[in-house]
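Each of the two complexes below includes chain A, the first together with chain B, the second together with chain C.
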Partner chain A sequence: MPPLAWYALRRVAHGLVTLWFAITITFLLLRLLPGDPATAIASTNMDATMRQELLTKYGLTESLPIQYGKYLVQLVQGNLGTSFSQSEPVSTVLMARLPWTLLLTGSALVVTVAIGIPLGVVAATHAKGALDRIVQVVGVVGQSLFVPSVGIFLLYILGLKLKWFPIGGAHDENVYGIAWYLNVGWHLVLPCASLALVSLGSYVLILRSTLIESLGEDFCVLARAKGTPERIVVWKHGLRNALLPTTTLLGLQLGFMVGGSVLTETIFAYPGVGRAIYESVIRLDFPVLQGAFVLLAATVVAANMITDLAYGLLDPRVRTA
Partner chain B sequence: MSIVLADLETEPVGQQESAAGATWYAFRHNPMGLVALGLMLVLVLVGLGAPLIAHYPSGFTSDVLQSPSSLHWFGTDNLGRDIMAEVVWGTRISMTVGFCASLLAVTFGVLIGMLGAYFPRADTALGMVVDLSLSLPVLPLMILVAALAGPSLGTIILVISFFSWPEVARVVRSQALSVVNLPYMDAARVLGGRHRWILRRHLLPAVAPVITVTVVLTASRAVIAEAGLSFLGMGDPSSWSWGRILYESQQSGSMTSDWWTTLFPSAAILLLVVAATLIAIAYNDARNPRSRED
Partner chain C sequence: MRAQRLIRVCVIGAVGAFLAACAPSAPSTQNAAAGSSPSDTLTIATTTDVVNLNPMLGNSRTDSWVTDLMYPRLLTVSANGSKEPNLATKWGYSADGKTGFFDLRNDFAWSDGTKLTATDVAYTINTIKTQKPKGNVVSGFMSNLDKATAVSPTRVELQLNKPDSIVVPEVGFWMTVVPEHIFSKQAKIDDFANASDWVSAGPYRLSSIAKGQSYTLERVEPYPIAPNGKPTLAKVVFKVYPDVNTEILALKKGDVDVIANALPPAQVKDLKGTSGISVTEVPGLGFTHMTYNMKRKPMDNVLVRQALAHAVDYKSIRAVAVQGQAVTANSSPITDSLKEFADPTLKEYTFDPQKSKALLAQAGVSNLKLTMIYSLQDPVIAAWSSMVKDSAAQAGITIDLKGMDRNTYLAKTVAGDYDIYAGSFAIMDEPVSNMALQYLPDGAINYSQVNDPQLTSLIEQAQSTIDKGKQKSLVQQAAGYVNKNMIDNIMYVQNLNVAHSSKWDGFITRPSELLSIIDPASLANVHQK
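Let's turn to the complex of A and B:
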């Protein structure tokens, strides 16, 4: 088998194992914790026969392994159960919201990288200088920001006081065509900025240290000795090699960003999966909470898989590793 | 820090300087680290001395949503409670959660990390569990568990530590891996040392410096996680934390009208996390002889 195909196969298998792990953990947590969903939907001071009926309806009377097996089969079929509060399939509730979360986290990721790379390069090429110090301070502070605080701050200043951007929702009513896309982008600015600001700090710090290391390596020394202009040494030789470990870490950060999107969507009333989590917490709608986690985990796994596969295509070293 | 201080007491730093002594010396001469340490101490003191600084914010008064003044330094919230009192008492809860969750997560993470590095056979399985849990979105999972177990301080601490140990285990494992094959470890084995003895007396001291840093960083992440959970309404409704102040501000709608209800708790979170990060950075710099020179 060619190394690339072998690599792709291994990567997909790894993604599937991660997903299985996420699913199993949720199942175990939900069934083994003291406050299981059975008591949440069917409290003990309920009429005994009614309680039994409810438990049977949600398949909570069977033994654990059988419940687990049924749960897995259902998931493979794309069935995430039925929402307690909306009597609708969880997949219907969440799938309508997933595109918004993808748009939000995706754009925040792009913004983080687009701003993070120049900042990281400036810091690494001016290592120990004043510019480097500034970028480091920005990085440390950025890393320490609390997502809702940033969101509230942006909402208050840019949304309420200056009225530059809308303070909530994903788009206005009765807007169609190209205006709709512009309207969506306009609503996206504040939530996306809050999420990107928080993830920018650690990305810049990581890129800075990897790039400094990579610029000190032999191939960069050689490039300089050949008389290659410093600009090309940095952007072409150094940065390209520094991006690989950075991208892997970005994958780890994606999980954190998805968590941040729950908080951001709550503040900006953004109609994504995160807002659904917030609404379900109030109603103790466990199937939706569980489904939302599985869906978000699947998103992160898929995104990581795609990044790694793309890297396998671009960088031959990855395939053999 | 406690490890460094304990070492200082047993070996006086004099002519022959110990590694811990050199670290502490370098740390003391780094203004950034000292300021951060001072800040952290102030926050700890505020948390400990909360009853001396402000009355416990409860009930309601008629001074609703007053902007900051000499009477209410941080203003009042929608029920007329003093926000400074809320932040002060919140310091106590937020730091308790951070400290307890960090202690639990670090204990467990260090154990798993050391065992993984020391027993290669267990390493594959442990490493996989750690890798898998690191790549999952943790906050939605924490919300799910906290919602199931019901909001209380104990739940929050357990939930946060349960999802924080993999990070600690990863860091400790990679540090321990660089030590397990060194000659002194082989010597300990040749001497016929039991596994427990080797792990405690030889491996643990080698990873101790990493533990110091992770305790601080894990605690600050735990504070952020607690604030996130409380902000979503998963906090303990009977105690004040920084996240709960923000939650109440959002629920009552004063978040969008009265800036002081959100600015001060936000600043407290930022202050704590920045201080923790700077202490970790300064400690790492001080420990590294190469960065110590400049």
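Let's turn to the complex of A and C:
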């Protein structure tokens, strides 16, 4: 089998093991939480007998290994269970939300890369100059930002004071056809900007460092000696090598963004999986929480697998290691 | 080259067609609310999403606001806390107290044309009794109910196995009536999501849902309680903003017209001073309290409990932590919100650290150290908990504050794992029921862990008599007993403030956040100025 195929196979197997680990940890952690779903939805009239009946109905009175076994069997069959609080299949609950989270985090990632690469290049090619210092300050400030603070600030200035953008939500009512897409895009701007601003800092700073190092390597010196224009040296030779570690960073940042989506979606009233997690934590709706974490873990694992594979494509040394 | 360009155009065209197909399409004209415009569409902001639309299951506050517009209650609550007619015109008991009844209006109908009759009411009551839907509040009131029977199209009778004065008013207020011809098709109510094809007997009916974002209801005519039988609004839209700061920004911008949930005290002053926004005070129907776990020494000693009560600076808490938006409860579980039953002779314990010390000395207790649990999700209690600790320290009492997440807090509360419990009840609407739930030994919210034969006797007598005069006397005796023996430290009644755009008028204010200014009667009446 060719080395790239082996590399890909190893990465997929590694991803599946990681996913199983995440599923198991989530399952156990939820059941270690204090309280139980019956207490979480308890009314002032729910006596001990009613609580116990509810717990039995939820399957929470069985032993932990039995609960785990049943859950794994269901999962393999593609069944995420039924929401305790909403009386609907978890897959229905989450599939209504997942596209919004993918749209939000995907857009934020694209924006981060689209802005981060030019900024990183500007900083690296003007190293120690004024532009470099400005970019470094922007990068450090970006790393210190907190998503809810950024979100409320953007909503206040751009939403309320300037009235340029809507206050929350994913789209307006009574908008149809192509206009609906424009409306979705308009609502996406502020939450996407919040997430992107917070992740931009580290991306820019790491790219700057790796590019400065790359541009000092022998192959770049040779390229310049051969008369290659500087922009070709930077964008074609230097950047390609500098992107390797930042590609790995992107995978990690996706995980961060997915986790950060809980706060972003709450502040911006964005109806994604993050919001579903926030609401389900309060209700201790185990099936929804488990399903959400499985989906998000699968998304992050898949993204990291893709970046690993991309890394293998970019760097032949990795796939033959 | 030409082939490549052609392929590119085809792919772009295919993607465009796919996206166009995925976008929502405009509803057909017959489904759209005819003539709806911004001036007859009221947009209401809420911080919690709809959990489920089956009113027989446990609901979030938003669930209730939405389903209340479709499924009527038999009774409502007036400004002085007493029960008022709604779907029911009369209610009460037979002379022996073993049969309760509701007489119904005969002019209600479901939106599919089926008349709303006593059959629907009897079905709803019996289903709750037999199936005990998860999280349903009403089933807890039915322990003495055998069954309900529709004896005529407008009369329901409830057979009780013994006189119980709680059943009729509590079923009347807390239960929403569902259509028997729809819900009876379900084998198990717990599994019925009621997620589409709604049949409403309220002023509005759900027409569309954008899950997690908005819930749109459209006018239903006729609605007997609306002026001239026609609700004033063409549409009501509930929009979800989980963060209250975002919600307030939306109101200030004009994206929403009303904020349904009560405002945090810290936001009230700012909104009162904002042009174009009106803030309405809604009387509270609940209270905030601290209970001292009477199953643990030395809280089983009345002198210690009284000492603890005298070590609380109630006035400062109301002025500072609640920003003046609360009134005294007179240290009584029957507050002035329930004017008919409140005892005006009961007085709040004074803040008197010296008296606390004297009482502790009398009890032979020194170096008293206790832990107090509270939920960090309640910012007002979190704010005054440190004030309680500081004022107790003046009396030589050490309180270790244990703020925790809601689920841990609930778990500890259910387990009775605390010295002092701090919390609040949003709606305590029925005096006898309140006392039974809080102070009977098996009461579901007996957080004082009290088991006092004298108190139990007073409450059980009040529960088994249908004579209003005797009830009042017994309830007042019980409340006085609680006050005198400091079985429950009722600290204050928080008045709620809700905000709306000044463009709108005609809101009817009722007590509690559940009813507030957005109950069905109010929303059937509201209009732009």
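Please note the rule applied: the second predicted complex is superposed on the first by the 285 of 321 C-alpha atoms of A that agree within 3 Å, B and C clash if a C-alpha of one lies under 4 Å from a C-alpha of the other, contacts with A are read in each partner's own complex, and residues count from 1 in each chain.
Definition applied: contacts are C-beta pairs under 8 Å (C-beta built on N, C-alpha and C of every residue); 3 or more make two chains touch, one makes a residue touch a chain.
Keep in mind that this is a model prediction, so the values were computed, not measured.
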Contacts of A:118 with chain B and chain C, given as first, second, both or neither: neither
Partner chain in contact with A:216 - chain B first, chain C second, else both or neither: neither
Partner chain in contact with A:69 - chain B first, chain C second, else both or neither: neither
Which superposed partner A:284 touches (first chain B, second chain C, both, neither): both
Touched partner set for A:276, first chain B, second chain C, both or neither: second
Which of chain B and chain C A:85 touches, first, second, both or neither: second
Which superposed partner A:152 touches (first chain B, second chain C, both, neither): both
Which of chain B and chain C A:268 touches, first, second, both or neither: second
Which of chain B and chain C A:169 touches, first, second, both or neither: second
Where chain A meets both chain C and chain B, residue numbers: 33-36, 40, 148, 152, 155-156, 160, 167, 266-267, 278, 282, 284
Residues of chain B defined as touching chain A within the complex: 129, 132-141, 143-145, 147-150, 220, 224, 227-228, 231-234, 246, 250, 255-256, 259, 262, 266, 269-270, 273-274, 277-278, 281
Chain B partner contacts - residues on chain A that touch it in the complex: 17-18, 21-22, 25-26, 29-30, 33-37, 40, 140-141, 143-149, 152-153, 155-156, 160, 167, 251-252, 254-256, 258-260, 262-263, 266-267, 274, 277-278, 281-282, 284, 286, 289-290, 292-293, 296-297, 300-301, 304
Footprint of chain A on chain C - complex, ascending: 19-20, 23-26, 48-49, 51-52, 54, 57-58, 132, 134-141, 190-193, 195, 208, 210-214, 216, 237, 239-243, 245-246, 249-250, 252-253, 255, 406-408, 410-412, 414, 425, 437, 442, 444-445
Parts of chain A lying in touch with chain C, wherever the complex brings them together: 33-36, 39-47, 50-51, 53-54, 57, 85-88, 96-97, 148, 152, 155-156, 159-160, 163, 166-171, 173, 175-178, 180-181, 266-269, 271-272, 275-276, 278-279, 282-284
